[in-house]
Structure formats: C-alpha cells, structure tokens
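One structure is given below, represented as structure tokens, and several questions about it will come after.
Note that the chains are named A, B, C and D in the order they appear, and that numbering of residues resets to 1 at the start of each chain.
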Amino acid sequence: MNLVELVAAGLLVCGLFFYLAGTVGLLRFPDALSRLHALTKADNLGLMFVCLAAALLAGSLRAALLLLLVWLLALFAATVSAHLIAQVSLRSQGQALEPGDEGGAGGPADGESGK
Amino acid sequence: MNHPQIWMLLAAGLFGLGLYSLLIARHLLRQLIAIKIMGSAVFLILVVSAGLLDGRLDGIAQALVLTGIVIAVAAVAFALALVVALAEQTGAVSLEPEDDDDDR
Amino acid sequence: MTWALMMDVSLAIGLLFLAWQALIGGSLLRGIIMFIVFGMVLAVAWAWLGSPDLAMAEAAIGAGVTGALILVAYWRLKRVNAVEPADPSPLRSGVALVVAVLGTGLVAALGLASVAALEGEPVAGQLLNEALPETGIGNPITGVLIIFRSLDTLLEIAVVLAAYVAARAALGKRQVDLPTPSRDAPLMTALVTVIAPLAVLVAIYLLKAGGQIPGGAFQASALLAALGVMLVLAGRLESTLAVSLWVRLALIVGTLVFCLMGLGVMLFGLPLLAIPGTWAVYLIEAAMMVSIAITLVLLFAGSDGLKGVGR
Amino acid sequence: MIDHLLAAAIVFLLANLALGLWRIWRGPTTADRMLSALLFGATSVAVLILMAEWQAIPALRIVALLLVMLAAIITITYAGISRASGSSDQPGGQQR
C-alpha cells in the first residue's frame, strides 16, 4: 500500500465515520428538525471525504473535477431539500391548514405514530 | 455478479410479492406499484439469464431492458391518467364494487 | 464469504425488504416512498451488476420520473376525495397467497434452470461483439438499439408517443392542476439556476459519449425528462392547453427522423432501416432524445404544451 | 489491500442504509420518511463513487451525478404535494 492509498484510506474512514454519525442522529434525535440537522450536515461532510478519497485513487484531474461537481451538487441539493422538508415539518406541527383535505381520502394515515 | 442464483431468487421473490399484492390490493395505485415491481423482476431475469461475456453483461439483454424501462414509464403515465380520470368521474380508486367483497 | 457475495446478498435482501414494504401494509404514501427508495437501490444494483446504462435509466426514470408521477397522482386522488377501498377479505388473501407462492416457485425454477443452462458463452452476445467493430460504434447497447434492432427501437418510441396520445384522450381537453407551490421558496431559484444548465450539459455529453462508452439517447432523455419534471414542479414551466407547433414537432421528431431515415436509405439501394453511417446514429439519437424527453414531461404535466414562466 | 477497504466501505454504507430504513418504517411524520429518502440519495451516491473505483467502471460517476439530481427532484415533488394539499400529515402526525 503506497502513500496515496494510505491517505485515501484515511479519508475514506473519516467519511464513513460521518455517515455513521448522520445515521445515528437520524435514529436517535427526538424530533424531525434535529434529525434533519444531523443528517444533511454529517452526510455531506462524509460525502466530501469519500469524494476526496475516490479522487486520490482515480488519480486523474478529470475524475477529480467530476467528483467535485458531484459533491457541490449534493451540497446544494441537500440545502434546498433540507429547507423544503423543514417547511413541511413546521407546517404539519401546527394546525392542519385545510381540514377538508384529509378525512375524505379515507385516511392514508401517514402519521401512524402508534405503530 | 458472481452469484447469478442469488439474483434469480431475488427476481422470483419480487415477482411473488408483486403478484400477491396485485391480487389482494384494491387501491389502483398499489396495484400499479405491484405491476412495476413485477416488471423489475422480469428485467432482472432477462439480464441475469443472458449471462456474462468476458465478464460483462450481455449487450442485447441490456438494450432490451433499457427499452423496457422507458416503455414502462410511459405505460405507468397512461395508467395513472386512467386512474385519475376514473376517480374524478366515479369517485372510486378501485375497480371493484365497494359492498360485496366475498363473491369472487 | 467474499465481498462480492456479501454485496449480492445485502442488495438482494434490501430490495426484497423494500418491495415488501412498498406493497404490503402501511399507508399508501409510505408505500410510494418505499417504492421510490426501491428504485434508487435498484439503480445501485444495476451498477453492481455491471450495467451503468441501466443504472442511469433506472435512477432517472425508474425512481425519479415514475416516483414523481405516482406522487402527483396520489395528490390528485386526494384532492377529488376518492373513496379508499376497504381491506380485502381473508379468503381472498389465502387464495392470493397460494397463487403467489406457486408463481414464485415457478419463476425461481425457471430462473435457476436458465442459470444452470448457461454453460458456454452467450451466442447472441458473441455475435454482437464480432459485428460491432464494423459499425464504428463502441457501445454495444447503442449498437443494438440503433443498428441491429432498430425496428424495436422505432416501435418503442412510437409506443411512448401512443401512450401520450392515449393519456391525453383519457383526461380530456381540460387543465389538470399540478402541485406547483414551491415557487416562492427562496432557495428554489438558486437550485434551478444551477441544475437546469448542468442537466442539459450532462444530457448532451451522454448523447455524444453514448456512441463509445455508457450513455446514449435513452439515458439523456431520462435526465432531460427528470429536469423537465423539476422545472414544472418548481413553477418555471407551466402546463398549457395552447397548442404550439414547436411542441408538436418535438413530440414526433424522433419517430419522424427514424422513419424518414429508414425509408430514405432504400433510395440508395440499402435495405429498410439500414443505418448509412455513424452520423445517422447520432442524428437519430438526438431526435429520439428530444421526443422522449418532451413526451415524458407532457405526460407528467398532463397538458398539450408548456410555457415558460418569468420570475 | 485498498480494494478490500473499498469493498468494506461499500458494505458498511449499505448497512448504514439499512439502519436508515428503520426511520422510514417508523416515521412518525411524513417529513421523517422524506428525510430517509434524502439519506438514501446521499449514501447511494457514495456507494456508486466507491464502486466506480472498486470495479474500475468510470461511468458510475455519471450515475452518481444523476442520482444527486434525482434525489433533489423527489424532495421538491414531495414538498410541493404536502404543501399544496395543506397538510399531508394526519393530526396524529404531530411530534412531541
């Protein structure tokens, strides 16, 4: 195992650690907003380390740029997604906006929290 | 794909699950998802049964499945249009009468 | 236990679990989300099986566009307050279980038998690999789609077009509403500004690269269709009933170019649907990409046309 | 050596996904389920990137790029639906 591979391995392990942290947050945190917070941040950091490791292993500028693009896009998409999901979550925390919307559909029962 | 048997068993399992759900589900959307999953099982069988050539998947099977994926989405869109039209005109999302369950 | 076996087993178990969750029990919305996740994992499975082409198509169409279609249909059904059907009777479940078990057994037996029968190299694939270098196309899948099985592909885009016509007929001449509410979300504009040009760029790259490496018209159109769906949902494209000549032309250009090319070569003494050169492959692929993408977006929007919306 | 590490990392990420499944299964709100779809997007991307190195198939990087866009599209659709229908969650979907 040469030096580059060693560095890549280290980065990879870092990345996996952040993925694990994100999942632990997803499972353990008490409400949707904190879970959102844990997941979107930790996972994107993990993805950065994974991309760095893969770019080192690939060893070509072209691949590295593509991986950079993937990471930036993921970061961006996660930002917007987190924002939208937070909006949805906040809204459903308050009162139901249009009560008429629910009952008739026969209760697809999204919130079977008792399950 | 070192173990094609595993993928064949997976395809059989997906097919069986889809078939079961297709038969018992009454909501048309659920039945549609069941058909889609059965379709995925068929795609898996098609690709895996074609075998490997120099360690790569058979190009012909891949091309057929690629065609199949695109046709499947068009068919799903058409089916959804029918479901929505049905619901708007009759208020039902099932093809069966509401009252008599046990007559078939 | 090797890594490869572990990958096979974990992907298989994951897919079975997701399919089970998508189909049986729970609320319908949860089932739909599980089905979308199933599509994502299936894309990873295709990648693992060694087919980037199928992984691309599955990610963009199998999970993305199909998922968005089913979610929007669910929303429309909720809006018309459709009556949800009751649970099936136990008798029926029993019969279905027997049928499903028999079906599973039959498929498993056939599948395992076909794997066991795979002794030598696949003949068709062998022939394909021998014939491919003459065509100047390096990607065997593009070769099959456009050159060797061109009639299949032609009929396939005709089927997609027919599905659009049929869906329009089913919904009638009226505006179908879409959930397009996230237009004022502050970050949405930024997302669209970044993703839209990038998606077009990647689609063109896929189209061009598809001659030699994984990629091609179907994958490119899948990506463009997914982009179109996003633009509709972000409120950047609005469905309209006004018929535009350009949209109509874009709908049929794939079929049209394919047919004209297929017939035109007969004037030069070539057989029906022969491909005169690699330029023709790229021409047909480009036309197909435009047609399939616009057809899928219009199927999603349930409309006759699309118009851009200013900010 | 590095091949083994890559393979182990991929299997680890898949196991990570399996844990995330629990949250979709459990809910309790639909937002949680979408959150897990986000997790699936982020993790599958990493799996594909690592697989591109392990199996030496560079095209898988493009697949990863497509998957990133796809996850964003699904979230936008979902957010649109739950917003346009007022509340997608039943009253029971409120959290503590």
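Keep this in mind: a residue touches a chain if its C-beta (ideal position, glycine included) is under 8 Å from a C-beta of that chain, and two chains touch if they have at least 3 such contacts.
Here the structure is a predicted model, which is why all the values come from computation and not from measurement.
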Which two chains share the largest set of C-beta contact pairs: B-C
Rounded Å distance between subunit A and subunit B, as computed from the means of their C-alpha atoms: 29
Whole-Å gap between the CA centroids of subunit B and subunit D: 22
Subunit B and subunit C: spacing of chain centres that average the CA atoms, whole Å: 14
Contacts with 2+ other chains: residues of subunit B: none
Shared interface positions of subunit D, touching two or more other chains: 27, 30, 33-34, 36, 41, 62, 65, 69, 71-72, 76, 78-79, 83, 85, 88
Where subunit C touches two or more other chains at once, by residue number: 4, 28-30, 48, 50, 74, 77-79, 81-84, 182, 185, 188, 191, 195, 198
Full enumeration of touching chain pairs: A-C, A-D, B-C, C-D
Subunit C contact footprint on subunit A (complex, rising order): 69, 73, 76-77, 79-80, 83-84, 87, 101, 104-110, 112
Complex contact set, residues of subunit B against subunit C: 1-21, 23-27, 29-30, 32-34, 36-37, 40-41, 43, 45, 47-60, 62-67, 69-78, 80-85, 87-88, 91-94, 96, 98, 101-102, 104
Subunit D-facing residues of subunit C, complex: 3-4, 6-7, 10-11, 14, 17-18, 21, 29-30, 33-34, 36-37, 40-41, 43-44, 47-48, 50, 52, 55-56, 59-60, 63-64, 67-68, 71-72, 74-75, 78-79, 179-182, 185, 188, 191, 195, 198-199, 202, 206, 213-215, 223, 226-227, 229-230, 233-234
In the complex, subunit C residues that touch subunit A: 26-30, 77-79, 81-84, 182, 185-188, 190-191, 194-195, 198
Subunit D to subunit A touching residues, read off their complex: 1-2, 5-6, 9, 12-13, 16, 19-20, 22-23, 26-36, 38-39, 41-43, 45-46, 49-50, 52-53, 58, 61-62, 64-65, 68-69, 71-72, 75-76, 78-79, 82-83, 85-96
